[in-house]
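Provided herewith is a single structure, encoded as structure tokens, for subsequent inquiry.
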């Protein structure tokens, strides 16, 4: 049985993240989406909200489970008994950053493996921060996030 | 009649921006420089100051007009009835960011077109933030901004 | 009246090229597609064939004209009285190469201007060489080139 | 049961390839290494030699199988009933090329998935062509290929 | 006599910095490590602490001297009578940023020369911010900084 | 006494190369320009011609010496007793290639050090192949190569 983890901030989850979740879930027996609790970085959505949004958006996929975690990623991966970390790559800048992270994690724990998936062409321009910015200016986000969570995001982004 | 818009923060305008304004103005009938009002991002110069600095620096070019705008760029482009957005590219990092922005804008409004110009080799190292940093440390900015606005920038950068 | 030229090898023209032709034609009064005659580089299609394929594929666009040219691009641009060269950008590697070309052309003729358009996300993986390789292995190219020229390309790629 | 394929030219296999084979084999039930038969590209080693060198170098890994294939990769993946293609990434240039290939393959067959692994830092400078060049100039390749195949490579590279 | 300066924030110094210090010291007669005093950027370690950590870590190298400086780098280089600035490059993003800096410095003072060294493969994933983040989460930093300064860094990162 | 070597094909030497030669010569006691004899790669100019062109172009610089070499660069560096290899960087693609070369050379000989200089902005678009192409089409190369060798290059490029 192969377990993959897909970590991130997901502030909030986008169609780009869901594309990775869908495709990664088909390549393993269990996919655990890990929402990072990072006290030093301010998020728009709370950890619980972020977990709930992913659960709502990914509810149709059988072998996906959503959790939050704090501390070092490599420690959480070990606790979860996972075989690999899954990361999405959208652009060269992602590539360089993720290459450094994968190398760092390898030094921290040589057992930890990272697998990358390229974002589908149509989703490679989507990011959580773009979603928040567009929503905050009253633009339509229906091409960027699943329909079931549009309202919650619009509400939050315009209540600030 | 072709109308192009050239959006940016211009905090403050540099010789790199002016190079693009000059070259883009020759390729369209009207070029509208758009100074972005972004309340969530702190700027050193106010919107009015930024508009005035560009007007002063670009005063010799006939078909250029300077305005401020807020909200989504694609909405402003539509209001102005513009045919294309003009952006300058200095480096690979610009390229990736602008590619994502162009793709996002295409999704928000499929009619919106973006055209890119490469910065002239001599200007590709110049950025508004470099100008502010150098001026703030008392360095000379005469190679980086038009002469007519050097004093205003030196004054502002050293009054903080 | 603004004239843009769009130079290339077009060996053969792809949906990616046509996307640029369509979008660029809307931003100028006349778009001249220039097929490069380069005796030192072997092409699969002859110059005449390449010109014909583009004409067939772009026949619905009023202000587009297709020609061949040899020698330095900047010389041809001057002869055509064009205001700018149009180039498509698909990836960071295109960007760097085109930046060098634009700089070189600026040194050869300071009047020559180059404008860049980003490939639409769906077309950014398409290249003439990929089309030839896929066609040569019997794969389907219907997503990569216009329908009206599929047969000619399949024939040529499999007659070798 | 998950099947991954790892395609390439392997002309010849290097420690960088073996690193990917070792790591990928742990993440699936069966890993099929696919040696590409490409008649239009001249290789130093024949297909049979390339297959044999990989078999020799990877003989200790239980769930790895080595084969050759020709034609479109997506067709071979379907025949092998594989769940994903595995590719190694060493640098930004690999990234861009592989992103285009993954997008192309998705258009040719939407079922085909590609997973990427970053080369380990120590192997990211190694390539088959570097091995051939160094060996051909009489340099030592013992840091670049498995010991069991050094002699065969040295012999071949110096018999030309 | 050739003098090189190696400027940076060093907040704190890492094995990656030390690798550059060691290698650069061999290529000149005197290497001056310059710790930047930047009042507009918050650092975890004070200037004095950063200077002390480097001195402790680099104490075995004869021709290395550690100092702090403020203001424009080019001014400090001139005061020190240095022949060149030394910078380490880890990734493409470093490259582009440093290229812009080198060009800016050339405009500010055409006499100033910058030399670059590539980070050794094993150190290219290490950065001061990664060290602080890992230490702050209780991870082990023994692979990332010299042993003699581990305790001081762990103490500081966990006292916040 | 510090000795640097600056290796390359120099087919033919350009103003970009001369810029590096001039700047590097100031940072060491002796700079040895090394013209690579590579029998597997066809050059337009013979080794002797390439050496002569550099000698002619760099004749005013006291501590520069021009030689040819064959075989592994690291072996030649050792024979010359050199302290470092000097390479010029023009773009991200150079950076990645040179990073791999520097890593490879470090494995072949851990004593060998490589130093990089960024091309001056005005020279970063110049390459030997661009010079040959422009000269071959009858364009002017006076901005790209030193005046003293223009005639020889024009003659050679148009005699083919």
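Residue numbering begins at 1 within each chain, and the chains themselves are lettered A, B, C, D, E and F in the order written.
The rule we apply is simple: a residue touches a chain if its C-beta (ideal position, glycine included) is under 8 Å from a C-beta of that chain, and two chains touch if they have at least 3 such contacts.
Source: prediction; values computed, not measured.
Q: According to the touch definition, list the chains common to the neighbour sets of chain E and chain F.
A: B, D
Q: By the contact definition above, name the pair with the higher C-beta contact count: D-E or D-F.
A: When the contacts at D-E and D-F are counted, D-F has more.
Q: Quick check: how many Å separate the C-alpha centres of chain A and chain D?
A: 30
Q: Per the centroid of Cα atoms for each chain, what is the distance between chain B and chain D, given in Å?
A: 47
Q: Please output the residue numbers of chain A that touch at least 2 other chains, ranges allowed.
A: 92-93, 96, 99, 103, 121, 124-125
Q: Pairs of chains that touch, anyone?
A: Inter-chain contacts occur between A-B, A-C, A-D, A-E, B-C, B-E, B-F, C-D, C-F, D-E, D-F, E-F.
Q: Help me check something: in the complex, which residues belonging to chain D touch chain A?
A: 2, 23, 26-28, 83-84, 89, 92, 95-96, 98-99, 102-103, 106, 113-118, 120-121
Q: Help me check something: in the complex, which residues belonging to chain F touch chain C?
A: Those in contact with chain C are residues 90-93, 124-127, 130, 134, 136-140, 143-144.
Q: Which of the residues in chain B come into contact with chain F in the complex?
A: Going through chain B, the ones touching chain F are 92, 121-122, 124-125.
Q: Spell out the residues on chain F that touch chain D in their complex, using ranges where they run on.
A: Residues of chain F touching chain D: 40, 71-72, 74-75, 92-93, 96, 99-101, 103-104, 107-108.
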